[in-house]
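Attaching a single structure in structure tokens format; questions to follow.
As written, the chains take the letters A, B, C and D, and residue 1 is the first residue of each chain.
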Amino acid sequence: MKESVIHVYERPELRDPVFIEGLPGIGLVGKLAAEHLIQELNAVKFADLYSPHFMHQVLIKKNSVVELMKNEFYYWKNPDENGRDIIIITGDQQVPPTDSPGHFEVVGKMLDFVNEFGVREIITMGGYQVPELQGEPRVLAAVTHEELVEYYQRKLEGCSVDVIWREDEGGAIVGAAGLLLGMGKLRSMYGVSLLGESLGYIVDAKAAKSVLLAVTKILGLELDMTALEERAKETEEILRKVQEMQRAMLEQQMPPAPEEEDRGYL
Amino acid sequence: MKESVIHVYERPELRDPVFIEGLPGIGLVGKLAAEHLIQELNAVKFADLYSPHFMHQVLIKKNSVVELMKNEFYYWKNPDENGRDIIIITGDQQVPPTDSPGHFEVVGKMLDFVNEFGVREIITMGGYQVPELQGEPRVLAAVTHEELVEYYQRKLEGCSVDVIWREDEGGAIVGAAGLLLGMGKLRSMYGVSLLGESLGYIVDAKAAKSVLLAVTKILGLELDMTALEERAKETEEILRKVQEMQRAMLEQQMPPAPEEEDRGYL
Amino acid sequence: MKESVIHVYERPELRDPVFIEGLPGIGLVGKLAAEHLIQELNAVKFADLYSPHFMHQVLIKKNSVVELMKNEFYYWKNPDENGRDIIIITGDQQVPPTDSPGHFEVVGKMLDFVNEFGVREIITMGGYQVPELQGEPRVLAAVTHEELVEYYQRKLEGCSVDVIWREDEGGAIVGAAGLLLGMGKLRSMYGVSLLGESLGYIVDAKAAKSVLLAVTKILGLELDMTALEERAKETEEILRKVQEMQRAMLEQQMPPAPEEEDRGYL
Amino acid sequence: MKESVIHVYERPELRDPVFIEGLPGIGLVGKLAAEHLIQELNAVKFADLYSPHFMHQVLIKKNSVVELMKNEFYYWKNPDENGRDIIIITGDQQVPPTDSPGHFEVVGKMLDFVNEFGVREIITMGGYQVPELQGEPRVLAAVTHEELVEYYQRKLEGCSVDVIWREDEGGAIVGAAGLLLGMGKLRSMYGVSLLGESLGYIVDAKAAKSVLLAVTKILGLELDMTALEERAKETEEILRKVQEMQRAMLEQQMPPAPEEEDRGYL
């Protein structure tokens, strides 16, 4: 296997499909969001991407069956005839950071493939590492073209999540969430990256929920968030316990202040 | 040498050959098992695989003769006309873990080559690292397709070794033992991986013997295990001495318990 | 993206253009010099170079717009009809040192590209790391062909900067500043490398100014250095403060000498 | 530059030329030997090898002239009409150990090139690291084919240097000195590797002399060793001083023994 290869099981006719990416990364935010979307939409798998740039191993799945590391393509056909269809990609891994050229090669293969189905718009999902969190995770947005800021802001009006746009330059988006937009731009595609604030060290279903709320608002989809919300509650519980532990540790170091209220943050 | 290359010395006609892999790895289990199989069957070498992904050196063999690092292909023709033939691969090294794409390239070349001889079934052999061992090493099995679990379990009925099949997913098989199955699946091949439990830090002939007992049961072969058993006895002796040393060290740390029996394990 | 790729927006007719390189490196000297040159000449961007050997990320620019890492080509047409034109390259990064072959590939693409516009002469700009500095940074020069030493020395007569030429061999020029000359020589091009002495750990506008004074002398250009001089003054102020801090530290370690004058150097 | 490339300045007609390699390695033994041979034979340079697998830099040579890292091919025509000619390769570096495939690629290019001139026999020269040395460095020999042991032993009869041949397998020859033989074998070439014992941390002209005495014996050449012997004397002087320092350090640690003689070794 000299290059990444895509095994195609079906070639559905798709209507102006939007390509949504959710691969493993910070807090597994993108992957959780993609898996929930696939589950709720009953999206159908239609292709597997294998790559010599993935780890040289097989995973042991249920019942002792082995599989190479891979990324998976799913499609969803909008029941509304005038609506747009969706292609979602998720999977076992991204190319490791030690193999930059391999990362470009894999993302190039993804874009060439979804281009065959008429994809023009790309939405990438992931986590954005922050040192502390207060309340619901916000979503940081970035686009391929400046005119899209207003476009997506209009689409996001009324969204229950805080979507942040920055004026000053600074920072980077590493991996597929960034490369898909950067390389997509060179193929005349366009799109937006939505990264949920995350502490990074936990499986962050809260951040995934925030990101998915923004995505579904943009696409005009109604999505049952229950399963993700349950995972999110587990996440909140873990965060709360960590917060208590931290406070207890601090109190051992400092004299207690009178009436120290629960600030509700880490 | 831009790609791995196979030098073919002979092109035997083989009957539905099974491809058995035993390359260097944990405890050298796979390699020991393959070398013993080759020796007992008097298998004939018919090809060498060289690769730019192997170490950039030559080994000094007997009588000051140098050789590039390589993998070797052997064949065995079944004296039973209705029986199946065997191709075995063993060798000096696998591709190092720092060169994942190189690993895929080499395994791809192996599969393309054995495909020319009609190989459809693959059996990979290796070690499975465990922190401690009790009694005979068990063999962990994994397959390319779910329906093969039952198939191999039937073939293994009566095997003197414990072959373990797992229901839950988890873990991975790194290197050729895994890649041959994962990539073989993409070439419409099928097979099983048999990994013998091993502590990993010794040349583990006991684990090699366990694996080979499972392999020969599957293939319906009778194999004289004497040479391997002698190596296995040496292994047991080493293990026993290590165990005594460990017990002595523990006793220095704890008060001795009355009548401490020899539990026979590390 | 398997190879580096250049997106060309315009193909200007250029007259015997000299190719000037100023990419990120020691003290950012080359990049600062190139950016100032582009700004003062009002050079026009006409191509972008993208590469799978650059970092696998996008940068977040103003207004949340993302861009792949890239190098940029600018041209300037000399208002004097008998004068020579200029192509300048600057950008976000060079290929990281862990990917030597990638560095050769990218520089090869740059040379092939500028060759299409008739480039024969190359001037590379960068920093040269020194442990301490006294007064204005000098500029170390090196050429592709021995006969060019005298040629550039004549061109530099009267230059306000000290340009140093060495007789003894020793040292190396790492990265694009060196490779462009070395590989350019193989394409029958010629040129000079001008490296400004720099402590390396600061954004060194003083060194950039020294290098640009040498470049403009060679090209017979008048350049307004004000903006760079202002940055250079900031650099001097930083250097002076570091010097004071160092002197204070030394005094704490040694008994003070009577009448210790300000030697004005680090 | 995607592949290594050889710039050829002349294509001499050579008579059954032997290819002698002396590239940088342990103790710089091979390179010193090659450079001395080139100097004494007045060998003529006829080709340069450049490679993207060499370091991404240029070296600064005399008079500020820069050059890419390279390997150089020299030829010598034997004044004896029935004698054999010689091709020698030496240079700035070998491919670094982190780039194994690159090493194979470069050596492959070397072999393809010298094959064009009818090379069949290869002699590689280098250092063999030992922890201590006594007297003159011996030379360890290894060959491509078993029948060559006797062949080279006969050629070496009367050689003033101790050439060692081993019966047991073990060890490896890393880099070009090994790869040229291993890969040469696959191209139906044959040859011998001659490695001089060296402590490794000094520029070892003594070991280079030992190796060259063996090479010239094999080729039936008379070579003036004066220049190398002078360098060798410098090496001996350094070794003797190191030995004195070591003895002094040991004496400080142990009570002095009566009448401790000069054992003359490290």
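FYI, contacts are C-beta pairs under 8 Å (C-beta built on N, C-alpha and C of every residue); 3 or more make two chains touch, one makes a residue touch a chain.
Each chain and its UniProt protein: A, B, C, D = Proteasome assembly chaperone family protein.
Keep in mind that what you see is a predicted model, and the values were worked out from it rather than measured.
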Neighbouring chains shared between subunit B and subunit D, ordered by label: none
Proportion of interface numbers common to subunit A and subunit C (over half same, under half different): different
Chain whose Cα centroid lies at the greatest distance from that of subunit A: D
Interchain centroid distance [CA atoms averaged], subunit B/subunit C, Å: 56
Separation of mean Cα positions, subunit B and subunit A [Å, integer]: 40
Per-residue multi-chain contacts in subunit C, two or more chains: none
Chains touching one another, given as label pairs in label order: A-B, A-C, B-D, C-D
Residue ranges of subunit D touching subunit C (in the complex, touch as defined): 1-2, 7, 50, 52-68, 96, 99, 102
Subunit D partner contacts - residues on subunit C that touch it in the complex: 95, 97, 100-101, 103-105, 108, 141-146, 149, 165-175, 178-179, 181-183, 185-186, 193
